[in-house]
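Presented below is the structure to which this report refers.
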């Protein structure tokens, strides 16, 4: 990956010095040298600070929304970031010409702590960027591994056990909303949880309110989820948030035909924004 | 902190019989924000209304909950009371349905009373969140546009214009009149079709309030009920109608004479500068640009030379105008299915003597290519044996359309009658699937045809072949006797299906309304709103809505006209205040609402807003209150609830839910 | 073009003439033919009656063999019966993934249904093939009036076959035109010839054949062209009996030779009657073709050509007129001169 | 209001029915006109269209004391707003699967299409649903049993199943 990193650096420098972009978003080295964090480079001479290696666990795409406005912004994008870009465009949060995508085929990232491949990378469906202005490095194979194993496991449980599973999960949730802030589908200006007047979300700290938050957030993003798994990664309590996302993704595919968030397939508007008169009928 | 008044109605014993209304009132007094609760024998009675009004003033209430019959019954009335007799906004009212959905469905007070209390509690909770709503007046442009100048369009135009409103007819062909003037006689009375339709045409032309735009099409429609901005393209006619006197000199001199006449269904020819038929309206010719030598090859110009008034203008161009109309009537009519593409077994159009019903109409018509003598197109001899095939294309899901075209049974019978009438000793066989003659004097007419000797055979023709002696051999089955039948016919008439005119789909998108699966325009309600569409101010007349015969078409045109007149009579219409409303500060402009709105009432617009004391320009959704019907589908699609439905706002429903759940 | 040929039971029996003439044409038109390895009965007469599974399995097995041997090379079935049955299996396998798997299970070998199934006419609808044939036609059947007869199995049911129009097909006409013959428009081209009652119930079958022959003659045809061994045999072989019966009824005989369309092609491309299998016909067919080849060609001018011709003629006239005037002008002058002397 | 009937001590469920104004609400009114009799467990909440029913209402109702929720609208194709119920259908199909995946008894959240003329169907639906919910008992019954909790204990990713939070979870239910 070293050479890829070099190319990224020199391309970033070139783009910045040519003034084609006002900033380049990638990764930099954190406090400890095995920790990476999203880095926004604005001066060509800082391009050398960009790194790209197996420890780039964060999904940087959402940084785009903070830095657009003053000129084009370049984003070092793997499969997941590129899908996020498509997602932003579909949600009118971004226009294609506001972003310059430096595509990087991604072999999958490794948890520096355990040295294992991240769960979300092991389940990754799209390793190569689906949209890019230039591609750095050669495309990697797309194994398209089965990603619903966890869903199947939970589904196999009895109703009571499933309820217990989610109670335990939401019982641990501290409602820090990190999952929301990390999610590239969460682009509302004011989240429902903050609308005290309407009172969607209660203030009490208990499993009920946590469940309400968790499930409604899941429903809000389910039909547009790009399966980047950033919510799960961002969760300080390490909750398996992707279970319920994957469950929705799977059901939507099953019920309304194949659909992938992030405009992978040109399947028209998001499944819950459209309908077919011959959708299956189960409410007669 | 609102002051809510709760008024519980006895409705005689209707409610009081199974609900302890006093207990309900007592319970209501304990509910949050309730400043007063009382009961009355009949809230809807004049005395009951006064009681409400007095209490409101006495306790200066700012919200009202009425526990009575269904809101579908009296909500309007009570709103009126608030609007007229108090200074409360009529939309600060909630009705708790404790009759239809409580007292009438439960037997005793033990059950009825607590439920009624619950329902009141819900209403009280919602009332607390109600906001003042204001209907605003939408001015009505007192003009009507009619798309399509067939008999439906003509009838509607005359009715509306006679009521004193200006009307514009947009017709895509060179004359209004549509199909009716082509027909010979009309069932069941057999009066001459042209004789009854052409006077109406000239009436249109003469009417001071009717403007006719021929060779014209609607290109764009913007706005909503009362105020449609319509862009119309009037194609070049290459003749200055102000100068043209309609003398017809150009037609007689035009060297390009071999063009098949549309009006005579290709059974005669016309010139390049032409009037489709003598009584055409406007009664002035147009130049057919595809065939005129001057316009195609740049040489000729005979018509310009002979025109006494110099009306010919080869440089003429399309005229595009945009005007405002209050209402639009779709009277786009029908076309006949192209059987030659579909029915190879009938010769696929290779046999000149296998003709469509409309061609037969021209053949028997005195003004037709044969002066009304029934003669075979192939050799001009008189056919002695004629076969009529019904349901060609109709009720044939495999090759044609699944539906019944409704008129064919009757004009089929008419054709049989006319043939036997004009050809003494002529034999006529009618192959049919069913005979459907619902309508005044229809079945009598059919029976008459039978008595005149038409041979009705229940079954389809499976094949038509042409023998060297010119006979058309028709193979078919008589399903009643189970025998194979073979008829040597001289002429075969196919009664073909009515299908939507091409361009219907495009027009539907232009005017923003729906088509049914068959491609005809969909009415708002099949029984109760047959001439309205789901788009306000847009009405249907005639076969644009589905296959019909002339009487039904004219009747429906009249109905559509009545609706239009009813609308145009108003100075202005009250907008429905219960519409979606977008909170710019919450809206991220994701466009989910735009995708979902069935009325295209939501659009994304660039807005400059003040946000934390600085100007920002963002894309946000905007609701067109004229188009929005208040279904609320967008409010759910909107994740942050930036789009909310006035009158049924999120907060109100949430309080209502909690009021019941936590009680 | 390469095709995997499925001979079927008729190829070397009732349809021998078809096979012979077709392979002659194929040889000379650059159509390459492989034979489907280890092919079996298409199940035409009995298979489907037994069960739908057998009805699909029998043809599918041959198709699977073809696929295994030649991949997606189209399978050619000269016999209309085989064509219909092979296509049925193909369509069933293509329209439902489940059915395809069932069929695979039934025949115990993989079958992906990727190879198409075509009938004897289809190869000649390929533009390049048609071109070569046209080029190789050395002895055109000038203006021979031919009634193209399709019968039932080639064109019906619509769901199975691939013809332009099941009620009024035109593709055989297009092919026959290549020979310089003139197809006639007639009505019985898709009527049943009763072949399936050929043996079991001749009395029911004869009127059908008689009707077809009569219609063809009535339409002005001198010959009938077929693309199905059974139809061909049925029409060709029964003509004599029918005519005997007609004679008994005092009716004029129906005298019209019946060819496979391939025989016409072959003959026009210079095949001897033996090569084209014409000697096998019941109704003698040699003399008519020989006669047709001697006819003078009538060229039908297109409107453009006509116009051009008109213009040319006009020019010629104009030129002539000019010359005449010039001559007229010259003549008197000459006279004067003479006067002077 | 007492959750249990004083005399019999039998459980009376709280069921909230969201009904669209044009079809189901009219059907409910018609049931009243025909003096049909059905259990009082169901209270109707009027909305303009089933497309207006936000799944957030449903979850809120179920979490704040309702034992069941019913969402009713016009039959697909009959929507007064022509398309509202098609969107509702898709939303509810997904949301229903999600809450059931998360352990809700299917009977507690149901969707039905009932036209303005189907008073009988409205009555039958109400009877059916309220019987089902009565059989299930109060919402508390949806809470997991000790056994179920033990069964999944620790299966949630974070390594140590934190007993305190866990206890909190249990008494919260």
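The letters A, B, C and D name the chains in turn, as written, and every chain counts its residues from 1.
Everything that follows uses one rule, which is that a contact is a pair of C-beta atoms (placed from the backbone, for glycine too) under 8 Å apart; a residue touches a chain by one contact, two chains touch by 3 or more.
Keep in mind that what you see is a predicted model, and the values were worked out from it rather than measured.
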Pick out whichever of the two, B-C or A-D, is joined by more C-beta pairs in contact. A-D
Taking all protein C-alpha atoms shown, work out their mean, then name the chain whose own C-alpha mean is nearest to it. B
What whole-Å value do you get for the distance between chain C and chain D if each is reduced to the mean of its CA atoms? 70
Chain A-chain D separation of Cα centroids, rounded to whole Å: 33
In whole angstrom, what separates the CA-based centres of chain B and chain C? 52
Indicate the whole-number Å distance between the mean C-alpha point of chain B and the mean C-alpha point of chain D. 39
Set of chain D residues in contact with two or more other chains: 55, 60, 83, 87, 91
Could you list the positions in chain B whose residues touch two or more of the other chains? 596, 637, 650, 654, 658
Can you identify all of the chain pairs that touch? A-B, A-D, B-C, B-D
Interfacial residue positions of chain B with respect to chain D in the complex: 70-73, 97, 99-102, 104-107, 111-112, 114-115, 117-119, 122, 514, 534, 578, 596, 598, 629-633, 635-637, 645, 648, 650, 653-654, 656-658, 660-663
Quick one: which bits of chain B touch chain C in the complex? Just the residue numbers, please. 343-345, 347-348, 350, 463-468, 473
Per the contact definition, I'd like the list of chain B residues that touch chain A in the complex. 585-592, 595-596, 604, 619, 637, 639-642, 650-651, 654-655, 658
Residues of chain C touching chain B in their complex? 165-169, 185-188, 191, 215, 218-220
Counting only contacts in the complex, chain A reaches chain B at residues 91-93, 187-192, 195, 197-200, 220, 269-270, 272-274
